[in-house]
């Protein structure tokens, strides 16, 4: 259950810097490589000659060469060359629209005719020297929608991330969820609280006192197909909270791109974007390492939850006010999927 | 194929001393913890909020708190508290009758209304200072009934446990099997034989000569649902065998609680109870370690046998006189299961 | 999809020198051991008593003794003895025709009445002191026919074995395939090329110059059910190539016995036979180690290809001229299997 006609983050360029990368995205085994002119290409990971995965091959002169018998495939999927063979009649390898932007490779698993590069989400921090970004990738054995739920209900921080970003005051501040078109926004504001360890460190990193009461906020934004951006931060209490002058606050954007692998597994591209000290690479790495540790705490829980839900497929779970962000996000996903299926059926009928 | 309305050993208290224990018993994922007043509780391992396993949580003030979003569940399964939520309308977590006795936690996977604590088997050595007990737990990938067969036919000792308790004289002494109500008793008596290593050591431990002919006995008792107690021992020959005066013999009770996990896997609680030198903790540990090593020898065989039987589901095996104990035990199990099913159907019809 | 009435290589005698060997061959779990008089026997790996694998037992006085309760089975499968039991009425263990020849154990998984020892393929190097042989065994998760394809199209050497036996000239020389009865022969001759590392070493080993142009040949012979013998070699250019006088060449026979385990896994017995310096055991080992390394390079590719083909069961692959050897071999396999099924049906009808 996921939209097909959408841009998903598939990988980062470093993953295929040395050799092609094979990765299953939305159920499709794909191979990623950099072809002629350095442009990224995504093809079905299946050589038309004998079915070997093209990702076991190599790139030569901008073509992807199968590592079994040497069929060379052009970035557009056409068979370009094979030793002592005429390849003109060979079937092409299916190409999947792919584009490199903001340090990610985005793929469009649905109808290529609909793949519009203008639909790649605009990331304010993506190509702006006033921002810095650090992140990573986790492979998780769960439906990506369990991660949507997770990110749209940060109440879990108090339990899963008790030693870093969790604090009891989170669950005491009721979140508010609103839907704007296909975007779901769940926000929570805490007032006059002591910053938890992660934010105390961020305040210090910003040259601010870390032992004074603060206001804290979390503004989660889901947008289709499965992106969740979370504005998070603290400001010294009484300075305006989220709207405080930068000199009183530490804030950043938690970045979450959730890409289905199968119905019950996913690729989780997580990271953090900040607009303070953007040139401080050591700080970027410190934050990245901390986030990696914190976000890894979710994995066991989500995978165990997935196993439980598979064991009790008929069981209903609760939808409380804190779950509203996830519930609304799933509704939008379902609506989009239904619309895609209706369109596919209309096309098939016509 | 196992009785549901019966007490099974599920775990030992040390297994949930620090944090809740998740364990599948008779196909049901359960969580064990010590609630208010220190009483053991067993609940379905599924949080009604979002389906996370409760066993990943923790105990606070006698309640089991879900480690994902903090729903606190009382030992009786009722939702007791959740930060910033009104839990009155929340569905309860299914409770499974559990009782702590004799150093084990016993659960009743069937109809709670039928769970009578008086039906927990009486263990003569369970709370008697004149007895000592040591044991352990193995997780085995086989139908628990293969272990019933194993324990009711000790002929296998000669082959599987050749270096410790096995000896050729075992298979030369024909066993005798009788059924008394729901109990099956298979007994074997060997006369005027040399004690094998394990028993020679036990004689020495009792201050008795280990290099003289002995009488040896094995009296296996199956009782539903799947408990097998085996009286085992040796006495200096000519002193009355099983009935010899304690000064001439070394004896103990092999304790086997077999608990189905799934149709093809089980929890094996094994141990040994003795009524000599009960205060000698070092001796208890020596015996426990020896038994752990010996009983581990059965695992590979049983798991390989299970794989073979699954590969040839239609194949009949032989039922020899040595198999009578297992055959009769399985008949009792089947009779109980049939009766339970008939009762369930009668209730459903009414 | 494999012929049943044929001799397959099942194992080598060293594999059951110390204890019985359990191995699944053509879907059947078998046990191999050396019985009375040292003759090899293959039985179904299932004890008629309780279904334990006989391969967990041991050999005593030429009988295979079950390691669970001691049933002794004669090499012909008849139950020979069991302590304190009369075995006359016991069902026999199914025997599978087996014969030891040329250092291999060959089994006939089909109708025993058709198992004719004269049908074991004649190996010119098998019992000839002028030849030496070294080889090994790989367990691969793929349909054995993918390996037939692999061996009948050595174009892959250029890609998979680039650093040892591969060279671009292979793919430039078109192979020729012809069918002679049930044998498929694909041959390729390269002229006036520099020898690749493996063959340069072989030339040196033969006391020949390794830095001069050579002729090179590969003559692959498939014969049912799944044997592929490949004559390979190089000769100094202009000396007659394949037909050159031995003093100008280095050559050998690549030996490949492919034995199905399941529909998607196989046992790969690989090796090399040579008729130069047959007494040089160190050379045999050097060649064997090199071949082990080279042939291991195919494993990842074949297993990945198998996974891809299973993921796209409906997908057609290409059959180029280089694939003709594999295509023709598969046709012969299919014809034999069809004939066996027709015969089985005729017998069933009659």
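Going in written order, the chains are labelled A, B and C, and every chain counts its residues from 1.
Just so it is clear, contacts are C-beta pairs under 8 Å (C-beta built on N, C-alpha and C of every residue); 3 or more make two chains touch, one makes a residue touch a chain.
Predicted, not measured: the structure shown is a model, and the values here were computed from it.
Rotation relating subunit A to subunit C, from a C-alpha superposition: 120°, rounded in steps of 5. Looking at which positions face the partner, subunit A and subunit B present mostly different ones, since fewer than half of the interface numbers are shared. Averaging C-alpha coordinates per chain places the centre of subunit A 48 Å away from that of subunit B.
Within subunit B, contacts with two or more other chains are made by no residue at all. Chain contact summary for the complex, subunit A toward subunit B: residues 149, 153, 155-156, 158-160, 168, 171-172, 174, 300-301, 304-305, 307-309, 311-312, 315, 317-318, 320-323. Across the interface of their complex, subunit B is touched by residues 29, 45-46, 48-53, 56-57, 65-70, 83-85, 90-91 of subunit C.
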